[in-house]
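The data blocks that follow each hold one structure.
Each of the next two complexes has chain A plus one other chain: chain B in the first, chain C in the second.
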Partner chain A sequence: MRRRVAIVGYAQSHHQHNMQKTREDMVFEVCKGALRHAGISREDLDTVITASTDFLDGRTISSVFVGMAAGAFLKDESKVEEDGTFALYYALMRVLAGTHDIALVEAHTQGSTMNAHQVSCFTLDPQFDRQIGVLNDIAAAALQARMYMNSHGVTDEHLAMVAVKNLSNAAANPWAHRKMAKVSVEEVLGSKVLCDPVRELMMSPVSDGACAVIIASEEKAREITSKPVWIEGVGSCQEAYIRDRDLGRLESLKTAARTAYKMAGIKEPAADLDVVELSEKFAHEELMAYESLGLCREGEGKRLIEKGTTGKEGKIPVNPSGGALGADPVCATGLVRVIEAAKQIRGEAEGCQVPKVRRALAHGQFGMCAQKNMVFVLGGNGS
Partner chain B sequence: MEGKSEIVEVKTFPFPAGFNWAVGPMMERFIRTLAGRKVLGARCPGCGYTYVPPRSRCGQCQAAIAEKDVVELSGKGTLISYTNAHVAPDGNGNLKDLEKPIVVGAVKLEDADSVLFMPVEGVKPQDLKIGLAVKVRWREETKGAVADICCFEPVG
Partner chain C sequence: MGYLKDERPTTIGVEGGWNLGAYHYKGSRLLEEYVAGLKHKKLTGSFCPGCARVIVPPRNLCGRCHRKMDGRKTVSDRGTITCFVVSPPIYKGKLKVLGMDPVEIGLVKDGQVVIPVFVKFDGSDSNTDTVLLNADPKDVHIGMRVKVVWAKELQGSLADVEGVEPI
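Coming up: the complex of A and B.
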């Protein structure tokens, strides 16, 4: 990259089912928290980028009151739809362009305002799929899961093992929503069947939550902190509409990862990355992501979960924070992954900390069956 | 003020949402042709990818697709995935339990590349499997509407 950019501060909310707090208060708290964490003030910010979805916020031009809560009063400000990682990408480009030095990125959703599964139906083609009326994100995920499982001999137990890993990891994460320290494969398989093979504990919970990240140019970053987390690589890619893609694979995630790896100089992801934070909205997506991210060969995702390779003590820990199964404040979920990855690099991951993290990957997604994917590679230790 | 305040929840319905979309000539022909119990697709002149319902531009190669590229399909296909759906969004932002699970199938039509997501009926649970040959079941009275396609059912 032409200019080096680092993450210098962050904060997230205690994600939960119904926060009983206004959206503006929730946003205000995480933005103030990120400024406090970075040790800078609102006056230091050059630009503010927020992320949410009007449908989920229940209003159009939904950033009207968010900007003020995020500290954007009389400042350069913009908003992107969907995941917070897309907002981080936008902010990164502004800093890379040299027009801004310090940017605050904020993302939020209150699932208690409008259930995201309902909103998923409104993303479908109104001329045909909505007229037929049987598809929603849960049914689509179930179709994807069965297709993937059928191709590679993956069983319901493999999906349950992913849920057990992430939900028990979430128990050590003070910010997570669904914490289940002692959950078992049997309990996951015995949880309510939504659309088979997808059960309740294999799907992310509907959460209220927000988070904020502050990034800065190299010069400013070194002034602000002795522990900058460098953005070493980034990649973004999207699939065709759900009717016209191969649902059994996450091809766009593969392309996004390749782009980010090339920029970061990563040749062997499984060896070069020390920790991975994924936005897996459903358990099977995590296994598919192992393959798309090149942590294993195609069809070998199940082996990583069988052998514990991606467990907290494993060779390449995935979602030590609990991932999206641990909390899913929709538009904030990807940016929370960035924060969790940065925390690992700075040694601030509390109960979720894994040893010796120099390089971490954070993933964000949006759309049915992970239609759009974003990959960030972060690095520390002055790399 | 002492203690936690009661949260007053506000519900709003901005407007009864009715949207009018122009479907375009290709989709109009697709919908009208359903009255004659025929399924139309559109084959891209650039790369050969066949869309159902038809589209006027190709997402794969970005070529324009014209009415001459419309092809008639057999209405038969293969089940490439399925799920027994026990829940569905209730329209008010919650999930509801369905009285009886419905089978949602991903169907790849003969001579087409797009996948249709449709209800599948008339299959015994033990016969439900990937690779099952299926065909369109039409409504008794077709009138040129998407609803003319009732569901997919096993061939024969």
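Coming up: the complex of A and C.
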């Protein structure tokens, strides 16, 4: 990148099932929190980018109220649909372009205000799939899980092991929603079958939550903090709609990761990355992501979870925060991963801290069966 | 969702909806041809001259080649299951398929499971979502050979394909 850009501040809400706050209050608190964390004021911001979807917000042009809560009053402002990592990408481009130096990125969803899984049906092709009426996000994920499991001999137990790892990791995360320190494989397998093989504890809980990240150009970043977290690589990729692709692979994640790795100079992801934060909306997606991110060979994802390689004490910890299975404030989930990765680098990850993190990967996704993927590689010298 | 909900004091809530009425989505000529072909037990796909892929049901554009899929190709009504799920039991009034209650129209019995499947019809390069009929859930597997179950009275509508069944 021609200009170095760093994360200099962040904040997130206590993600939960039914937050007793308005959407604007929730957004305001995380944006104030991020400004406080960076030690700057609203007046220092050059641009504000927010992320959500109008369907999930339940109103059109939904940023008209959120903008003020995010600190955009009489400022350059824009909104991105879907995941917060897409908004971070947009903000990064604005800073790289040299037209802005400091950007605040905010993302949110209040999942309790409607049935988010019902909303997922509106992403389906209205001319065919909606008419047929057998798919929603859970059924599509179950199809994908079945296809992946069939290709590589992955069992229900492997999916349950992912859930156990992430839900027990979430227990140490003060911001997580679903904390289950003592959850077992048996309990996961015994939880309600939503659409076989997907069970309740293998699917992310739809949460109320928000988060905000502040990024700055190198010059400004060094003024603001002694612990900048550099954005070293970024990759974004979308693949075809669910019917027209090989659901058993996450090809767009593979491409996004390859792009980010090239930019960051990463040649051996499993050795070069110290921690990974994933937006796994379903347990099987985490195993698929191990392969797409190059942490193992194709079909070997199950080995990493079997051997504990991706556990908090493992060689390449994945989701020490609990990941999306621990909390899923839909549009904020990817940006929360960026925050968790940055916290690891700065040594601020509290009970989720992994020792000696210099390089971390954060992943965001949107669309059925992870159609769109975004990868950020972050780096820094830590505390 | 017993794992998620805690008792909390509630704040002010206002009931609201977003009832915009029905959308009138613009359909493609290709889909019109597909639907018309069903009346003659014909599955029409779109063919991409760039990558030679055949997509069923047809789509106007090929994302890979970034061009219009001008061609047509009829594919077989026999194919292979590429993935499947077995639903929880379906009860009357709980599900709509093509706008109809599958229990009420006699597609499934009250309390019976439904098996949504992706099928790759012979000659096609894409998946088509439909349901597996006349099969024991224990027998369904990826790679299973199936054929279309056509409606008794074909009308040139999506409902002409009731589902697929094992060959």
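Note that in this section the second predicted complex is superposed on the first by the 381 of 383 C-alpha atoms of A that agree within 3 Å, B and C clash if a C-alpha of one lies under 4 Å from a C-alpha of the other, contacts with A are read in each partner's own complex, and residues count from 1 in each chain.
Note that a residue touches a chain if its C-beta (ideal position, glycine included) is under 8 Å from a C-beta of that chain, and two chains touch if they have at least 3 such contacts.
Remember, predicted model here, so these are calculated numbers, not experimental data.
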{"item": "Superposed partners chain B and chain C on chain A - clash or fit", "value": "clash"}
{"item": "Touched partner set for A:M180, first chain B, second chain C, both or neither", "value": "second"}
{"item": "Which superposed partner A:A360 touches (first chain B, second chain C, both, neither)", "value": "neither"}
{"item": "Which superposed partner A:V134 touches (first chain B, second chain C, both, neither)", "value": "both"}
{"item": "Which superposed partner A:A349 touches (first chain B, second chain C, both, neither)", "value": "neither"}
{"item": "First (chain B), second (chain C), both or neither touched by A:H117", "value": "first"}
{"item": "Touching partner for A:P205 - first (chain B), second (chain C), both, neither", "value": "second"}
{"item": "First (chain B), second (chain C), both or neither touched by A:H17", "value": "second"}
{"item": "On chain A, the residue positions that both chain B and chain C contact, one per complex", "value": "20, 58, 126-129, 131-132, 134-135, 139, 142-144, 146-147, 150, 193-196, 240, 242-244, 247"}
{"item": "Residue ranges of chain A touching chain C (in the complex, touch as defined)", "value": "16-18, 20-22, 58-59, 126-129, 131-135, 139, 142-144, 146-147, 150, 177-178, 180, 191, 193-196, 200-201, 205, 240, 242-244, 247-248"}
{"item": "Sites on chain A touched by chain B in the complex", "value": "20, 58, 114-115, 117-118, 120-121, 126-129, 131-132, 134-136, 138-140, 142-144, 146-147, 150, 192-198, 240-244, 247"}
{"item": "Complex contacts: residues of chain C adjacent to chain A", "value": "1, 3-6, 8-11, 16, 18, 23, 25, 27-28, 31, 55, 57, 59, 63-64, 82-88, 95-99, 114, 116, 118, 126-131, 142, 158"}
{"item": "Contacting residues of chain B [partner chain A, same complex]", "value": "7, 12, 19, 21, 23, 27, 49, 51-53, 59-60, 80-95, 102, 104, 106, 113-119, 130, 146-147, 149"}
